[in-house]
Amino acid sequence: MQNLGIDVLFKGTNFVRLLSGLWVAVRISLISVIISIVLGLVVGALMTSKNRILKVIFRIYLEIVRIMPQMVLLFIVYFGTTRVFGWNLEAEVSAILVFSFWGIAEMGDLVRGALISIPKIQYESAMALGMDGKQIYYHVILPQTIRRLIPLSINLITRMIKTTSLVMMIGIVEVLKVAQQIIEANRRSSPNAAFGIFAVVFLLYFLICWPISKLSVYLEKRWS
Amino acid sequence: MENSLLSIKNLHKEFDRNTILKGINLKLNKGEVIVIIGPSGCGKSTLLRCLNGLEDIQGGEIYLGGKLLQKNAKDISSMRQKIGMVFQSYDLFPHKTVLENILLAPVKVQKRKRAEVEAEAMELLERVGLADRKNDYPRQLSGGQKQRIAIVRALIMHPEVLLLDEITAALDPEMVHEVLQVVLDLAKSGSTMLIVTHEMAFAKAIADRVLFFEHGEIVEESHAPKAFFERPQTERARQFLKSFEY
Amino acid sequence: MNLDVMISYLPLYRDALFLTMRVGWKGVAIAVLIGLIGSAIIHFEIPIARYIVSAYTQLFRNTPLLVQLFFIYFALPKIGICVSPEVCGTWGLGLLGGAYMTETFRSGLDNIPKIQFESAESLGMSRSQMFRYVILPQAVASSIPGLVANVIFLLKETSVFSTISLMDLMFTAKDLIGMYAKTIECLVLLVIFYLIMLLPVSVLGDLLERRLRHAEFGD
């Protein structure tokens, strides 16, 4: 095992450093998911609007998110906007902006789908009881959609966590970057460390994402 | 004995430790129409599925034309070609048109010439009154139409025996008639059939022999269907038939 | 924004686009192949193989492509398995996609009613005939929306190839920015070229889906 670099992992604080790198990735995803869920509920409701202009805007928004790689968006926000507007944007803030931009679109579309699948009679009977638009959404429609959305948003968390591996490209030191640093530092003493360290990173991601996606599948089955 | 086309000897079928068929013995002769009636869950449909090798059996033998039928045997495909089956739920292939549904098996499985099979298919479609729907997809047809096509699809294989498993059970009442009419025509032209049904008037009209099934066994067998429906010999059959009178 | 600069970059971007497309579509093809085989193994509950396939799909669906690529490209050489960036990208994408495609096709297969298998059997079809004429066309049709989503996802994922020095669109943009600091021009070109690569797929996919949904087999 020694020549595959597992020993490097337990040298000094290496393992703790890897874990704290992982925490950076998880932290960015969690913050982005929370923003996505909250704003996604609003955006999803707006998406059901019959307003032409709104429809076109959302259509373009969804299409951008659908076909632009997150990496491109990260570059545009981190390198592009700072150039154009001359402001100073921290890498982590850029990452959260991009992931939220992506997550809001996904959540919004899910919310929209859930909303339009609610039978018309639910709206009509709420109206017959004299509720106004906001009351109907808040008391009748929202509770019904949330249950359907929970498994899907949990699923979004794992996808976010996986995508955060990209943030090393804009200079954030997360788990993959830490791994590279460790390998680099031990290049002489343990030339094969790349195998052990990257295998561990592989496993760490799996150990975080796998239970979460299991949970999402379980909830989806149970609540469908 | 010589002219019995299908013979079933002491057939046993179990599922999850429940016995579904308890030693069925039956001989079906060429040109004969046997109707099986009985309460739901009595094993009628399972029997038909066993005869087509769709179910594992735990005991007994099935012979078709003197040859042993086994679910996992190499010759099961050629055996199945001799047994036509129509199911209760619509089993047409949704991605193929009416004509493609009918032609698929004779052309691909039996390797017959397409032109020849197509001519025959059109004749059969004419007979069931659906020649003009040949290019439609199953979705565009009513339930009754779908079942008539399913019958044509089975017939075009030139089966020696036709198994009909409650083919009208999923239909709206007004569509039952058009399907049963097709089956009555087949009986008149001498087809050999084993029919499971809940349509009592139909059973009475078409059967050469009636079997009353309950709890996985043949409770009563009658070669005189009319007499059976009027005066069943067993108490259990009497109780069952009574439930159809209002 | 300097148009002349952008025009002078065009050949570089064009080459990168070809490379990205080549690797991307090869990866998609591998993914579809793995998906077809994998889903059949799981659906028909082939002993032992089904556990290997489901372990594989779980592993690759729950880790980022970037980490998979790093493992293939930097770690595997340490145990004697050396591959070029292009091979690494192709197979990395193929393996990741294979895991997603397996799931998609499996649910397509699961959606086919049992009666379809039985009526094919009762017509005397062999297993391969049943699969070819009855099951596969239906499974593919019901998997189309998932398939389109997967294809777009995989083609997007090609952007991480730059990390293993494959000279794809992302790499080219990064490289040029580093060299000449024409950030805006490079990023605009990057967006345009990704649009060229992905917009047609997205639009065609939409059309295909709509056709299948509304005109589903003659409705």
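First chain written, first letter: the chains are A, B and C, and each begins at residue 1.
FYI, a contact is a pair of C-beta atoms (placed from the backbone, for glycine too) under 8 Å apart; a residue touches a chain by one contact, two chains touch by 3 or more.
Just so it is clear, the model here is predicted, and its values are computed rather than measured.
Look past chain C and you find the other chains held together by touch in these sets: A | B. The most central chain, judged by C-alpha centres against the centre of all protein C-alpha atoms, is C.
Taking each chain's centre as the average of its CA atoms, chain A and chain B sit 56 Å apart. Per-chain CA centroids place chain B at a distance of 46 Å from chain C. Computed centre separation for the pair chain A/chain C is 20 angstrom, with centres defined by C-alpha atoms.
Put simply, chain C touches chain B in their complex at residues 113, 115-116, 118-126, 129, 133-134, 137-138, 141, 216-219.
The part of chain A that touches chain C in the complex is made up of residues 4-5, 63, 66-72, 75-76, 79-80, 83-84, 158, 162-163, 165-166, 169, 176, 179, 183, 191-192, 194-195, 197-199, 201-202, 205-206, 209-210, 213. Those residues of chain B that touch chain C in the shared complex are 49, 52-54, 77-81, 83-85, 87, 89-95, 97, 104-105, 108-110, 136-140, 150, 153-154, 157.
Every residue of chain C that touches chain A in the complex is listed here, in rising order: 58-59, 61-68, 70-71, 74-79, 152, 156-160, 162-163, 170, 173-174, 177, 183-184, 187, 190-191, 194-195, 198-199, 201-202.
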